[in-house]
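Take a look at the structures below.
Both of the next two complexes hold chain A, though its partner changes from chain B to chain C.
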Partner chain A sequence: MLVNIWMRGGLYILLAIPVLIGVGLYWKAAPLLQHQSLISLLFSSKWFPMKGEFGFLPFIFSSVYVTILAFILSAPLCLFAAIYLTQFGKQRLLNFMLPVIDILAGIPSVVYGVWGVLVIVPLVADKVAPLFGTTSSGYSLLAGGIVLAVMCIPYMLNMLIEVFHTIPVGMKEASLSLGATHWEMVKHVIIRKGFPGIISAFGLGIAKAFGETIAVLMVVGNTMNITLSPLKSGYPLPALIANNYGEMMSIPDYDSALMFAALLLFVVILIINLFFRYFIHKTEKI
Partner chain B sequence: MNRLKLIEEWIFKIISFIAAYSVVLILLYLLIVVFKKGISALSWEIVFSMPEGGYYFGGGGGILNAIVGSFYLSIGATVLAVIIGLPAALFINVQLIRLKRTQNTIRFFLDALWGIPSIVYGAFGFAAMLFLGLNASLLAGIITVALLITPILVRAFDEVLKTIPVELQEASFSLGSTRTETALKVLFKQGFAGFITALLLAFGRGIGDAASVLFTAGFTDNIPVTFDEPVATLPLSIFFQLSSPIEEVRQRAYAAAIVLTVIILIISVSARLLSKRYSKNSIK
Partner chain C sequence: MKQMAFTYQPNLLSESVTMENQTEVAEMKKDSPIIEIKNLNVKTSEGKILKDINLKIPKNKIVVLLGPSGCGKTTLLKSLNRLTDLYKELKVSGQIIIDGQDIMKAGQNLAVMRQKMGLLSQRPFPLPASIYKNVAYGLKLKGIRSKKLISHSVETNLKRVGLWNEVKDRLKSPVTSLSIGQQQRLCLARGLAVKPAIILADEPTSALDPISTKIIENLFKELKQHYTIILVTHVLRQALRLADHVVFMYYGEIIEQGHPDEILKNPKTAILKKYLVDGN
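On to the complex of A and B.
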């Protein structure tokens, strides 16, 4: 009986976590929402905490920018790598790669950040910027995008391989027996049949990139900028929260603003996650 | 026509070949760089001694405080996660076995919860900490990290429990045991390998996470003795040392990155080995 209550209680606590997070963050962000409308919070670029003006546009812009950059860099790579590993490559290679990918997915983000500082930042400063005839400190949106892309690779690749494994072998064989080449089979059977799964894997990869904190914080430069140049530095939302936790108590409404940023991340990422997980659950059942 | 087809096939095979191997090379390159850079700064002193005065300005000492702190925090969080998560995972698979819809809905929510970034947990942990009147401490850190890793633990364990045949449960019921007995004596025993894997997975995630403990665990040069003292963690120690302008301190950050990577590698490799070893005994 007692164990039964404990089991039930554990589950309820678990299911209450997202509700608690949502309510808790909203409760802390509420004072700010009373002073400023949601529209001006999201679309104003006036960020003067001392005057009580909080416009999140530069931060949202940087977040979206690095996320898109990371997606463009990693998605095609992951898609083709997953196709090779599951369709063209030897079984032995896949058996070797699966645990490696798993282990790499577990490497902490701070280690990816160290790598970014050591490799990507100098690369951007010394090689990429001169190529375009400008100078850059290397701590830039591009560096953030590259580090995020590398972080997303094990995560997305893992999901894509799983997606391709769910496609029935009979279907592939039917296509091949009708005289299709391997690539035609991939194009017309694997990609088409796995399409919802591929989209979901990409979506979840984007969500992960959007919320990543420490690794990006270390390489992105952390200055407010609304610029299209990837060689300039940026200041994504998670970095804003992480950087200012120390001083947020001294300025009124500042802690509200940071909690609002966290709430924003939570809501956006939860919606993306729920949407694409629903996609996956739907396709798994079929 | 036929030739065009073969050329297309050939081009895309090469593209995907390059993609697959460049992924391997990029990730290998990452590990090599981190190890190569830090190995020269790595020494017994760094791993096994406490930071001395002026450590962050190039003074002597090591990062033992952060290593031990990380283990304290992660072990505490894992214990808490097991207390909440283990019964929840069993509950999903025993009590709800006939309610497939509910089961799937719960799994769906937990999966979505898995994707919430740790900075959100960190910010929430901070708000909750103020609400409860706690300071940045080992306890606050443990609670925050536990919130982060419980969904992971439950989902990973659940994935294994799901594969245990229903007949096994039915056999147990037919012998007159209650659902609780079945959960503990049949399901838990059968899924023990999965439990170990889930445990280590959650532990590894807890030890490597920085953003969630940034606000809640504080940072200190000492090893905490009680739950209300602040605690240093390895990822934060790397982060702080790397932002130092002094070259020698940055070198230590690289060394600390090796320590963290090795800990994570040991955890994931042993999770694999243990789960293999224990799963030999269970019924397929």
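On to the complex of A and C.
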């Protein structure tokens, strides 16, 4: 009985945490919302904290940009790698790869950041930019996207391998026995049956990429830009918060603005998660 | 049979094969074993799962593979349509001749070979698609595009397994809405739709309720007029009810085989005697 109460209490606290965070952030961001409309906060690119003007568009743009870039670079790779490892490769290869993937997933993000500064940034500056006939410091959206992609790969790969492992062998055998080739079986059974799992792995990968802070902050340049060129630098939301946290008190409303950025991150990641969970729920019934 | 083989001499001088000859050939094919397994061995790094299996499977009969669990019945069944390929840890050697073709040889068209055999496993594994699409699946793989042909086949085969009336109003729904017994019958219909000659059934009723079991058993009795059925079971009574020929296996070997009345009522070996007493 007493245990029961404790367990329920624990559960409620667990459920209350995100709500409390959301409410707390909103409460702190509220003063800003009184001075400036939500539309102009989200879609203006005028960022003059001294004048009390806060347009978040450049930050939102950079965040979305590096996330999409990271997703494009990592998702297909992860999907094919996971299919190859679980459906075509030797058991020994998978046995070798699993701990490697775990180790890669466990490396702290600051280490990926350092690697990005030492390897990716010079690569972008010295090799990629000349390829397109321009110059770049290397600290760029592209560098951010690549580092993020590399960070997401072990994370998504792990989930995808898990997804493909849960598909019963009997279903594969059924497809093959009805005359499917190995590839057709992969298409009709592995990808079809694994579809909700694939989408959820992708979704969680996107959420992770969107919120990742340190590694991106180290390579992305941290200057406000709205540009489609991946060789220019950018300034994603998490980096904005992390970089300016110390200055908070000196400028009026700056405090609120950073809290608003945090709230934005929080809401977006919440929406991404809810969306993908709803999607999984919808498709799982097939 | 022997006589026939004697009288049939391919005459190199004759211009064309006479009508008579053709029927003789067909007659011979009908009586010769549809599957012949020669020196089949299946190994893992741990040891042998199947040891020197030699077995002839006659056409249009129900052959029951009987034996305690773990003796290699499933592995033998999966070797017949090379589903053993899926398990990289298994090393398979020997010959399996189906319709005069050794399916173990390299360069086989596995998809075409496998369509000669319908598989029914221990529990139903519907594909992640609708009832209709499950039955149509094999036909689509065969390259059949005609909607009319496919719908017709879906209906015929669902009727054959006695499922049509139960599902005709919800062909588009997922298979998961069916009971396990219905799902198993659907899997049978799906296998029959590709027009196999052989049915491989691995304890197909072990997960089913008595009524579904009865339906499947009766279906098998009907189907054997047109199909060769290889049925794995560890239920003695089922073997007695259905088998034309019983193969008793123990630890990867064939110990004894023959007509069910002979070998189940008068077992020769001590192992089978003991198995019949201790039961499943």
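Criterion: the second predicted complex is superposed on the first by the 263 of 286 C-alpha atoms of A that agree within 3 Å, B and C clash if a C-alpha of one lies under 4 Å from a C-alpha of the other, contacts with A are read in each partner's own complex, and residues count from 1 in each chain.
Criterion: a residue touches a chain if its C-beta (ideal position, glycine included) is under 8 Å from a C-beta of that chain, and two chains touch if they have at least 3 such contacts.
Given the structure is predicted, the values throughout are model-derived calculations rather than measurements.
Superposition of the two complexes onto chain A shows chain B and chain C fitting side by side, with no clash. Looking at the superposition, the partner that touches the larger set of chain A residues, chain B or chain C, turns out to be B. Applying the stated contact rule after C-alpha superposition, one finds that A:L178 touches chain C and leaves chain B untouched.
Within the superposed three-chain model, A:H281 lies in touch with chain B and out of touch with chain C [touch as defined at top].
In the superposition on chain A, A:F132 makes contact with neither chain B nor chain C.
By the touch criterion defined above, A:K90 reaches chain C but does not reach chain B.
Of the two partner chains placed by the overlay, only chain C lies in contact with A:P168; chain B stays clear of it. With chain A as the common frame, chain A serves as the apex of an angle whose CA-centre rays point to chain B and chain C; its value is 90 degrees, to a multiple of 10.
Shared-chain residue A:H188: touches chain C; no touch with chain B.
Of the two partner chains placed by superposition, A:F43 touches none, neither chain B nor chain C. Fitting both structures onto chain A leaves chain B and chain C with a minimum C-alpha separation of 9 Å. Shared contact residues of chain A, touching chain B in one structure and chain C in the other: 181, 184, 285.
The residues of chain A lying in touch with chain C in their complex are 90-91, 168-181, 184, 188-189, 192-193, 285-286. Here chain B touches chain A in the complex through residues 5-6, 8-9, 12-13, 15-20, 22-24, 26-27, 29-30, 33-34, 37, 83-88, 90-92, 95, 104, 106-124, 126-128, 131, 147, 150-151, 154, 179-180, 183-184, 201, 204-205, 207-211, 214-215, 235, 238-239, 242, 253-254, 257, 260-261, 264-265, 267-269, 272, going by the rule given at the top. On the chain C side of its complex with chain A, the touching residues are 78, 81, 83, 86, 88-89, 110-112, 114-115, 117-119, 121-123, 125-129, 137-138, 141-142, 174, 176, 187, 190-191, 194, 200. Residues 1, 3-4, 6-11, 13-15, 17-18, 20-21, 24-25, 27-28, 76-81, 83-85, 87-89, 93, 97, 99-100, 102-104, 106-115, 117-119, 150, 153-154, 157, 181-184, 186, 204, 207-208, 210-214, 218, 238, 241-242, 245, 258-259, 261-262, 265-266, 269-270, 272-274, 277-278, 280-281, 285 of chain A touch chain B in their complex.
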